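What follows is subunit A paired twice: with subunit B in the first complex and subunit C in the second.
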Partner chain A sequence: MSTDPNQAVACRTVDAEERSLLGRVLDRIADHCRARSLFVLHYCTGCGAIELPPTMTSRFDLERVGMQPMVTPRQADILLITGYLSVKTLKRVVMTYEQMQGPKYVIGLGSCTINGGMYWNSYATIKLLDRYIPVDNYIAGCMPRPEAIQQVFLDLMGRIDRGEAQAWKDYYRRYDWYLGQQQQLFGTNWQAPTDVVGEAIRYRLVGEQTLGSHTAHLERYAPYYDQLGIIRPEPARMKARPQLEVVSR
Partner chain B sequence: MDFTHLFVELVLMPLIAFLVGLVMVLMLRKVRAKIERRIGPPLLQPLYDIVKLYSKKTQVSHGPMHEIAMMVALGGVIAMEVFLPVPGLNGLAEKGDLIVLIYLMMIPSLGLALGVGACANPNGSIGISRALTAMVAYDIPLMIVVAGVALFHGTTSLPEIIAAQQAGGMSTWGIVQTPVLALGGLIAAYAMLGKEPFEIYVAPAEIATGPMVEMSGKFMGTLFVMQCFQLYAVGVLYTTLFLGGGEYWISFLPKIFAVVFIPLAMTNVFPRYKTEDVLKWMWKWAGGFALAGLALVVMK
Partner chain C sequence: MRPENYKPVQHSASHEYELYFGPNHPGIEGNYALKCVLSGDVVQSLRADGGYLHRGFEKIMEERLWIQNVALVPRICVPDPVPMEETYARAVEMLGGLEIPKRAQWIRALMLEASRVCAHLFYFGGHAATMGMYSNMFWGVTDRDLILDIFEEITGARIYHMYITPGGVRRDLPEGVLDRLSKVLDYVESRLPEFDNLFFDNAVVINRATGVGTLTTEQALSWGVTGPNLRACGLPFDVRRDDPYLIYDELDFDIPTETAGDAWARTLVRREELLQSIRILRQIIATLPKVGGPIRCALPNPLAWNVPAGSVYARTESSKGELGFFVVSKGGAKPWRVHVRGPSSMHAVHVLERLGPGSRLEDVAQIMFSLDACPPEVDR
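Our next item is the complex of A and B:
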């Protein structure tokens, strides 16, 4: 034991994340249930949607491990993104992702979400999905077989069960960085309907990089971040053309 | 009946309803899985879903009305359970009767309509208008069936109806005495479950689950709990009216599971009706059988 008085047990500062014994037991039960009940929202505008019916239906039957498809982002836990995303569909993915309720998980399916895949030379598609939203698991391949999809689901379930799949908190803690990446593509007038900063304050997930130079662009839509509520766009300012910055790829 | 006894019954009845309802939800999903030649979910799956939904860490609420209305809807189904007599537990069934029960059965849909209205999602609005249309479709045959049963037994009290049916064994059951009414009632009960082909207000591929579209986390969990209560309530109501209620749980539980199983076994092979077709079909066939049954009761 340390002899330094500042290190003595009575003087230690309590970690904000620390939970009581009962809290830890409840967390354990909740994580156990979360891992066994995952509702999947498919975002299948790219290719690869054809691999999912055999995964879900009688050939491999994902309901055995408690997974079932859901149709709206509000109800879903997993956002499964198959194949490439164009800049235009990425906007919808970000909006969808922000509408989901935490804990939420993102799985990128196929090479296109990892490095652009066969669309590497395309000016219209993104290269790496986790620059724009936090991704829990990737499935490499073009296309991955249902066995690979299942393996990743099982891996994700294991990590949720152990309480390790916390990537969704990263979006709140480093929102400024994610927003900056999004603004590089969409321009600084980009804003999604969900007030992420307000949610981060509400759920105590504010990190050092939650606010920054990029979220400053949002302040014209929500002048007071300490007051919760929906960001309301001002019509006059929305008319200004977005200043697209040139992105070096 | 003293107060303590009543209090114990009021706590026990919804609790039993919830537990039996969980098993019914499991049966619902297992039956669907078996028909599709899948293995289906594990035994505790309904519980996992509910615990998971209640332990979501963020939550979107669309104003006070959204929250109050969900409590109204859940309160409606819980209130319904204490008016449904089960073996050994009568609850408030002796004080209220069939008419009260029918009123209470409308509360969940109306509560949901208030809450979904606060969400301001167009899919939700379409969904809830369809849900209320479906209610009109199955409530009219159901009311005729209930009137027929009440006329036949000369009372609207559920314990008395059960006692009359249990007087002579199986031959005095409602399904033997008034088979046409029972058929009309079964079709109405099927529509009350809201499964295909009467699934107009959920319609995941068309209006994205309708009323549930904006429900996240705890609201969705409340809806899952409500589903347990509603499956149980439909089973118990039909058993009470036509299958002689229950003297013992051992004979009562198979009956209520059988009532819920019949629609579930059929539902998986159907697509979905259009809204106006549900109305036409229900009034024509369920309403027709119910009216014919009522006529037979009156002529007797």
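Our next item is the complex of A and C:
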């Protein structure tokens, strides 16, 4: 990998304005193809997983729209969060999510991912999923019907086709904020074995909040961050508590 | 962290290695993990690692009203939720001294047995899938959906019905649903020869499952094994017959047993139980139209219901084994303590850890599925 972000390998994820006309046409074709061949990671994180076998098998048959379960995160496109997440599972979910290759999409299935649902006062589960990883679509209900799951998959396919499902870029642009939220649960020394900042540089998705006070303990592993000319937040801003804002999708 | 900075833990030279099996693994049932120590592909030791689905049910239930908990209990076990509702409702009725109307008892038995058929169809698919045989899973899941349609017609929901409440059931059966259920049962029964051809008479499957995860009767008794897993060891214990609840003493059914105690025997027992459940359902379909009367007894205002003080243990035969609720009331608006005795917490933790060593790695998933362990119920 080149150490100069401007010399980094040109990948399709740079901003649309920077792309040439040919690049944009190629992106459009790639999006169109990608929307019709989605692999769903086979990870049953909660009780919503009981409605996935009917959705995937003969009766509702999602394979006809090009979807299939995939066993490894590295080859999967969609991470389905099927219901409530205990803190112990959330750690595995974050590690799984970071292993997936972009572009990647997250669907929160069931009320528990939206506001805690039935377990709103449980001491063991998290209540708001999009504080920890960016989420593309939610399905309300406990539990959602297979028709609802299908509807959301079709909606996601349409948004991928139109190039609108961009929530995953938010994880790189605001990595410091997401890491801070994760550190509140897992401790301040928490880090996954994935070099998210390195990926952000490679995808050219380094934003103002990629590095900050929460990522400071990662920088001892990567002294080259200083040579890259990454936009760093002002010291005053680093101390300020990150604002809770609506994730731009 | 960058990979070149990642310093792995150094172990001394050994023929053994550690493998994490799950939670993100297609061979594991639900969100559950096993830590295996292997030599070659033979399991040396196995530790269950649960807690991924822990929601703190027993604590949450202490903070909600008696009637609010009706919505909470089916979520304990996802593939087979009806016995949870039934057991909790019966525990509250025992505490409150409520007499359930006869018609409600028959409707409850109908729901319980239909749920057992669902769970066993799911089990056939799951067990076959651990051997890489997915046709069976497609068939089982699709046939199960027909019963879910009946559930939806009766209760309004496919999975979590919240239909059985303390004192009876929520509403009466819709018109004609018994005929439709009867047709579904005919269909499921007519499918069994096809399941036989594909799975139960398949030499590959029989060779693969025979002698895997063998339990002796003494082991099963001392490790707290219940349900079909115990009956596969030759012990005909069934809560429905030995401690009858609802109207089970008026029904005519057999307790199928096998003697081998291995994964194959457990599957054969469940195949026989599916037929027995269909037989029970046919009796209920024949009797239910003659049983009239109300579907719910008179209840106090559920939002200000102080259940009399006391402690009870109610138990039910679920598709996985004996399910019990130990409920303590101090006369307040909320339960003082609820303990769930789930069959899977014995099967998936204690039994699995002891059956694992000595088996091959590819059989670990099969042993877990053949015990029909349900991780949400282990972790609660």
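Quick note on the criterion: the second predicted complex is superposed on the first by the 201 of 249 C-alpha atoms of A that agree within 3 Å, B and C clash if a C-alpha of one lies under 4 Å from a C-alpha of the other, contacts with A are read in each partner's own complex, and residues count from 1 in each chain.
Methods note: a residue touches a chain if its C-beta (ideal position, glycine included) is under 8 Å from a C-beta of that chain, and two chains touch if they have at least 3 such contacts.
As the structure is a computational prediction, the values presented were derived from the model and not from experiment.
**Q** For A:Ser122, select first, second, both or neither according to whether it touches subunit B, subunit C, the two together, or no partner.
**A** Once the two structures are laid over each other on A, A:Ser122 reaches subunit C alone.
**Q** Could you tell me if A:Gln191 is touching subunit B, subunit C, both of them or neither one (first, second, both, neither)?
**A** After superposition on chain A, A:Gln191 lies in contact with subunit C alone.
**Q** Once the shared chain is lined up, is A:Ala49 touching subunit B (first), subunit C (second), both, or neither of them?
**A** second
**Q** Which of the two, subunit B or subunit C, is in touch with more residues of subunit A?
**A** Looking at subunit A, the partner in contact with more of its residues is C.
**Q** Based on the superposed arrangement, let me know which partner A:Arg36 touches: subunit B (first), subunit C (second), both, or neither?
**A** first
**Q** Which partner chains sit in contact with A:Gln101 here, subunit B, subunit C, both or neither? Use first/second/both/neither.
**A** first
**Q** Check the residue A:Gly212 against both partner chains and state whether it touches subunit B (first), subunit C (second), both, or neither.
**A** It touches nothing on subunit B or subunit C.
**Q** Per the contact definition in the header, classify A:Thr89: touching subunit B only (first), subunit C only (second), both, or neither.
**A** After superposition on chain A, A:Thr89 lies in contact with subunit C alone.
**Q** Scan A:Met143 for contacts with subunit B and subunit C and give back first, second, both or neither.
**A** second
**Q** With the two structures laid over each other on chain A, which partner does A:Thr57 touch: subunit B (first), subunit C (second), both, or neither?
**A** both
**Q** Could you tell me which stretches of subunit A are touched by subunit B in one complex and by subunit C in the other?
**A** 57-58, 71
**Q** Note which residues of subunit C are touching subunit A in the complex, please.
**A** 1-3, 5-6, 23-26, 30-31, 51-56, 59-60, 63, 71-72, 75, 78-79, 122, 125, 137-139, 141-142, 144-145, 148, 158-160, 376, 379
**Q** Subunit A touches which residues of subunit B in the complex?
**A** 29, 33, 36-42, 44-45, 47-49, 51-53, 55-60, 204-205, 208-209, 212-217, 220
**Q** Which part of subunit A faces subunit B closely enough to touch in the complex?
**A** Subunit A residues touching subunit B: 29-30, 33-34, 36-37, 57-58, 61, 63-64, 66, 71-72, 74-75, 77, 99, 101-103, 199, 203.
**Q** Tell me, which parts of subunit A touch subunit C in their complex?
**A** 41-47, 49-51, 53-54, 57-59, 69, 71, 73, 84, 86, 88-89, 92, 96, 118-119, 121-125, 142-143, 145, 191-195, 198, 218, 221-222
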